[in-house]
Amino acid sequence: MGLLFFLDMAGTFFFAVSGAMVGVKKNMDLFGIIVLGTVTAIGGGTLREVLIGQFPPFVFRQDVYFYVAIIGSLFTYLFVEYLLRIKSIVLLADAVGLGTFVTIGVTRALSVDITATSAVILGTITAVAGGMIRDVLAGEIPFVLTRDFYAVSCILGGITYLALNSLQAPQNATMAVTTLLVIVLRVLAIRFGWKLPRPH
Amino acid sequence: MGLLFFLDMAGTFFFAVSGAMVGVKKNMDLFGIIVLGTVTAIGGGTLREVLIGQFPPFVFRQDVYFYVAIIGSLFTYLFVEYLLRIKSIVLLADAVGLGTFVTIGVTRALSVDITATSAVILGTITAVAGGMIRDVLAGEIPFVLTRDFYAVSCILGGITYLALNSLQAPQNATMAVTTLLVIVLRVLAIRFGWKLPRPH
Amino acid sequence: MGLLFFLDMAGTFFFAVSGAMVGVKKNMDLFGIIVLGTVTAIGGGTLREVLIGQFPPFVFRQDVYFYVAIIGSLFTYLFVEYLLRIKSIVLLADAVGLGTFVTIGVTRALSVDITATSAVILGTITAVAGGMIRDVLAGEIPFVLTRDFYAVSCILGGITYLALNSLQAPQNATMAVTTLLVIVLRVLAIRFGWKLPRPH
């Protein structure tokens, strides 16, 4: 769990950065910025735990998630100008978080008695629901519903996880491949501007 | 459960249609349209299961709900022009879903240790919360809070269910009467433009 | 529990008033006004119960919460003009609710196996989440994220609760001091216009 834990912390930090940046853009005060950062970082994982009935959710059992999210938010509050200048690094870090959260989400979902389709959906919820709550709190339509390929990377990652799982691949390999695949798809989607179709 | 299951599937399908139509109207991409359709179709029932502590919620134990919701959303994506032309049929189908969801919601709520008032509220939540989440995700004030008689039909249906229940009416008759009553009230409310009062 | 129960009811009533007033302002109908009042009054406590896995949440086990919230909403519907004229009394009553809800929230959170930081966060959620849901349903950015000192009073109250708790102060004294502190901080914040910093 060493590398996965490190990636989980990195994802939590950079998801908090993405949330806090929205708070700054919306002219929120320090409390609002921390709430937006924290909700973005832990909202998806917490929602997954509630939906599969795991109580108390992991964030309430170890403080590290809250502290990393709050530090990420404060960091953004202080250095937002700087973060805007290294936007492509922030996007890459966000992709790492996305891949990690999908992998953790599917793994946790499979620990309870649900269908394979549900595990893919819960992996995707783990990765994207925090950002959706962030956007709703900021008075915006969640960007994941209107733009590009963000959630599809998560769904494809989740399906790959389950395929490898049913082929009895070793757990570590399954998790590594899933995480990497989501990251690569996300980076390619940004690089080549992949988009989903819209009506007419 | 034969007829009730059929109505449940029909309700899921047409609630997904109503959600996906909002997604189309908001110029969302295919993923956004499927999310809005699915959330509208299963959001109310899932919220009810979480609120009464039934884990994992029914949608995660049988794939049929997700698949019917996704098919309803895809159908809308492909045939939205056509659906707009048969709007009164869509409204009628929505009313059938409303009645079925209230009945299922109250029945499930009564299976745990809660008050009668709570069962009526949870039946109503089952029927209207999916649409409320849809509207929030679309950046709109939930229409059920501002217009017509939609939720009142559900509340009256829920009260009728409990009245029949306390009179020891057979379960099947109670469920049939509740479902029909909500459908009839909804259709009458549309037909005659029933509205709730507002301040001043 | 005599005084705490009275304060809890008063808080529920005046939180419902604050929610219903937003519904009136947004030109909602009677159902919408009652939903906004009720969600404001019981949303935070219900969310806390779900997050710590206490099912069914307290509002579904005793009707008094729903009835007090609905009465507060109807009262607002009928006397909104009058309530607008005694706005400072309504604000004071809201402060009483805030303090009471923090105290109840921390107490309930400590009854399950979570960290101290989580208990403070869940106390704050109990006090502010209902108002956040109210604002989202009304199509607004939650005011607690953008203005003044509202949530900070709750956080300081929660920290005080835990400090007194770890000093083995008697439970009653801990609860009384926490409630009072939040009320006093809230009133001072309104009186002197305390605000949190914003970027630049």
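The chains carry the letters A, B and C, assigned in the order they are written, with residues numbered from 1 in each.
In this section, contacts are C-beta pairs under 8 Å (C-beta built on N, C-alpha and C of every residue); 3 or more make two chains touch, one makes a residue touch a chain.
Quantities reported herein were computed from a predicted structural model and do not represent experimental measurements.
Copies subunit A and subunit C of the same chain sequence form an interface built mainly from non-equivalent positions, shared numbers / all numbers used being under half. Least-squares overlay of CA atoms from subunit B onto subunit C yields a rotation of 120° to the nearest 5. Spacing of subunit A relative to subunit C, judged by their CA centroids, is 30 angstrom. Shared interface positions of subunit C, defined as residues touching 2 or more other chains, are 50, 53, 136, 139. Subunit B meets subunit A in the complex at residues 23-24, 26-33, 35-36, 46, 50, 53, 55-57, 59-63, 66-67, 77, 80, 136-139. Across the complex, subunit A is touched by residues 50-53, 112-115, 117-118, 121-122, 132, 136, 139-142, 144-148, 151-152, 195-199 of subunit C.
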